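Each structure below appears as structure tokens.
Both complexes below contain chain A, partnered by chain B and then by chain C.
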Partner chain A sequence: MITFAFYLFAVLITGLFLVTVMSKNVLYAMTSLAAGMVLISGLFFILGADFLGVVQLIVYVGAVMAVYAFAMMFFDLSRDVKERHDNPWLIFLLGGGIALTLVVMFAAPIMGEAVHALYPPEEGATNPQAVGLVLFTKYLLPFEVASVMLLVAMIAGIILAGKKMEISLSAMDEDILPDTKENA
Partner chain B sequence: MEVTYLGVIIKAILILAIISAIAGFGTYIERKVLAFMQRRLGPMHVGLYGLLQIAADGIKLFTKEDFIPQNANKFIFMLAPIITAATAFIALSAVPVFPDFTIFGVFVPSIAADVNIGILFVLGMMAAGLYGPLLAGMSQANKWGLLGAARTAAQFISYEVVTGLSLLAPIMMVGSLSLIDFNHYNETHPWMVFMQPLAFVLFLIAGFAETNRTPFDLLENEAEIIAGYATEYSGMRWGMFFIGEYANMITVAVLASIIFLGGYTDLWFIPGWLAIILKIAFMFFLMLWVRASWPHVRPDQFMWLAWKVLMPLAVINVVITGIVIMV
Partner chain C sequence: MITLNHYLILSGLLFAIGLVGVVRRKNLLMLFFATEIMLNAANLAFAATSSYYHDLTGQMFAFFIIAVAASEVAVGLGLLILLYKKYGSINLDDFTIMKG
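Presenting the complex of A and B:
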């Protein structure tokens, strides 16, 4: 049953991500990417990593993809995207090369049968507890560094976006908005 | 704790059937309650006290022309309502409604999928539900639809933060993400709403926003953007958005009942199964009550509320809860 579920998910995910790469329609690409993200969380559920599966759902499906969608609203979605390829072979070689390197990297320890959990989960700990234990002991420093990086990114985002934060455009009278008239 | 495939399938079908029926009946109740609040009669003509209005609406929805705009992306346009309805029902699969019971000698746990991270699963699935309105708005080649989609993304992302953070404080107190553990916690302690009143209010506000209920129904605010993401939809495709919305309302009502209002534990002389039905019904009524009482908010006020008021309050609540637990 688990093997069947794995191959089902694997085929579906690969197919959906292929659509993402191949399709020239923004909507198809976006929808298939989001659907693939949902199915990846299925893989986590099969492995018994419920917590990671749900994090995948909330973070990638709920937040990251929605932000992509926000960006996609600036395009005319009813028309296909014209892609510019100056050198298709270069793209093919670079893309294929990166994919191959990644596969070799991840497959190498499995081929050598050298994969063993350095920090096996505590007996009886539930899923979130096991993640938390490792996160706040062994990986505390990377975790904190990552949180500082996110804080920096957040502050930078607020500074970039919030130059006129005190001024509410909708609360203004129309005649004190000369800029909008000129632009229109 | 024997869980059979047959049992799971039966429960899934039961959830689908019962919630769809309640969603249909909910439209009738909503009209009647709104009419009562506004000193009107509401639907009266079809059947006794307008009870058959649901049937009339259903026939209308099913027989209406299924219209797809010319420049719309047909596949995505047809897919979007299904996403809304499906994610709403999937979220319900991880929610326990009744106490476990035995029927015909078979032990039945009252939950279709007992994942031990129940709350997060429900929140995640409701988060995935944003793709319904989002894709609907983006695929229909209509400016109002696109505006609705943009508001969908902004509203759902902002208020997911508030929902998650507001639930974090109760989760810390219970020490588990399983909704069944929450219910057990309420058996031995006073109701969570008395210990975390702020979290309850925050969760309610964010729940209204995530189910797209009236003070916050900016996605389809007819005064501003026609019908938002649903502008070009008609017939049963439009109906599916609303089945999804009502299913989400029920999910939020069940979550609030189990996490904050004591769940399905026996209350004085009221048995647990009746107690939770009453609680869910009250929460549902509360949503209609609020709809009748408050006007729409403006989108910028709405974002201001999320990021400058609710989120800081939720974070402060989490910090204070943490300090109290530690000391």
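Presenting the complex of A and C:
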């Protein structure tokens, strides 16, 4: 049953992400990306990483995709994007080659059996409990640094996107909204 | 029986898809989508390794990757909006100012 679920999820994720990479329509790309992320959280649940799966659902599918959806409103993306490609096969060759090299580099320690378990899960603890035990003891400092980083990112987002927010970009070249032009 | 290698091969495949997207895309928003795919592939590899070696370190790193991805989206989209206000486009070909 788990084998069937893995292959089903693997095929669906690969197909959806291929749509994301190949599609000309931004809305299709974003929707298939969100669906692929939901299915990846399904793989996390199969792996027994329950808390990670829930975080993936909340943060990626809930927050990140919502931010992308809001950002889409700023850009004129209702029509298909036009992209110039000089040599499409070279791109596949380069992308695949670089990815293969990186994967071999990072998989080499696993092949050499040089990976040892440093923090095995506590006996009798559920996955969220075990994650909390490790996160708030061994990884407390990175956790705090990550929180500071998120604060910095929030301030940066507000400052960058909020500048001159009172000037409407979409109404700038049109005469439908004369009030905006006068105020600007 | 699904082994660790199955997950690592799937993760490598997804990473390759994301990297092809990064090389191929000229629209900056679509390029961001491709980076998200690469981050997700790394997360999947971390979670699979963590599960099969009975070690929680992989899941910890996956959490930090998710935090980094969230901040990357916030800052990146802010910069993207500034670029769009300046040039009126988010196509990479329109930002080519060096002629050679």
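Quick notes on this structure:
Please note the rule applied: the second predicted complex is superposed on the first by the 130 of 184 C-alpha atoms of A that agree within 3 Å, B and C clash if a C-alpha of one lies under 4 Å from a C-alpha of the other, contacts with A are read in each partner's own complex, and residues count from 1 in each chain.
The rule is short, and it goes like this: a contact is a pair of C-beta atoms (placed from the backbone, for glycine too) under 8 Å apart; a residue touches a chain by one contact, two chains touch by 3 or more.
Values in this document were obtained by computation on a predicted structure and should not be read as measured data.
Of the two partner chains placed by superposition, only chain B is touched by A:54; chain C is not.
With both structures placed on the common chain, the touch criterion links A:62 to chain B but leaves chain C unconnected. After superposition on the shared chain, chain A has more residues touched by C, the comparison being chain B against chain C.
Contact with both chain B and chain C is seen for A:72 once the two complexes are overlaid on the shared chain. Once the two complexes are overlaid on the shared chain, A:146 sits against chain C while remaining clear of chain B. After overlaying the two complexes on the shared chain, residue contacts for A:101 are found with neither chain B nor chain C. In the superposition on chain A, contact of A:31 is made with chain B only, not with chain C. Shared interface residues of chain A (contacting chain B in one complex, chain C in the other): 51, 55, 63, 67, 72, 77. For chain A in complex with chain C, the residues that touch the partner chain are 2-3, 6, 10, 13-14, 17-18, 20-21, 26, 29-30, 33, 36-37, 40, 43-44, 47-49, 51-52, 55-56, 59-60, 63-64, 67-68, 71-72, 74-75, 77, 81-85, 88, 91-92, 94-96, 98-100, 102-103, 106-107, 110, 115-121, 130-131, 134-135, 138-139, 142, 146, 149-150, 152-154, 156-161, 163-164, 169. The touching residues of chain A, counted against chain B in their complex, run 25, 27-28, 31, 34, 38, 41, 45, 50-51, 54-55, 57-58, 61-63, 65-67, 69-70, 72-73, 77-78, 126-128, 168, 170. Chain B meets chain A in the complex at residues 71-73, 75-76, 79, 115-117, 120-121, 123-125, 127-128, 130-131, 134-135, 138-139, 141, 146, 149-150, 153-154, 156-157, 160, 164, 176-177, 298, 300.
Of all residues in chain C, only 1-2, 4, 6-8, 10-27, 29-30, 32-34, 36-37, 40, 43-45, 47-51, 53-57, 59-60, 62-64, 66-75, 77-82, 84-85, 90-91, 93 touch chain A in the complex they form.
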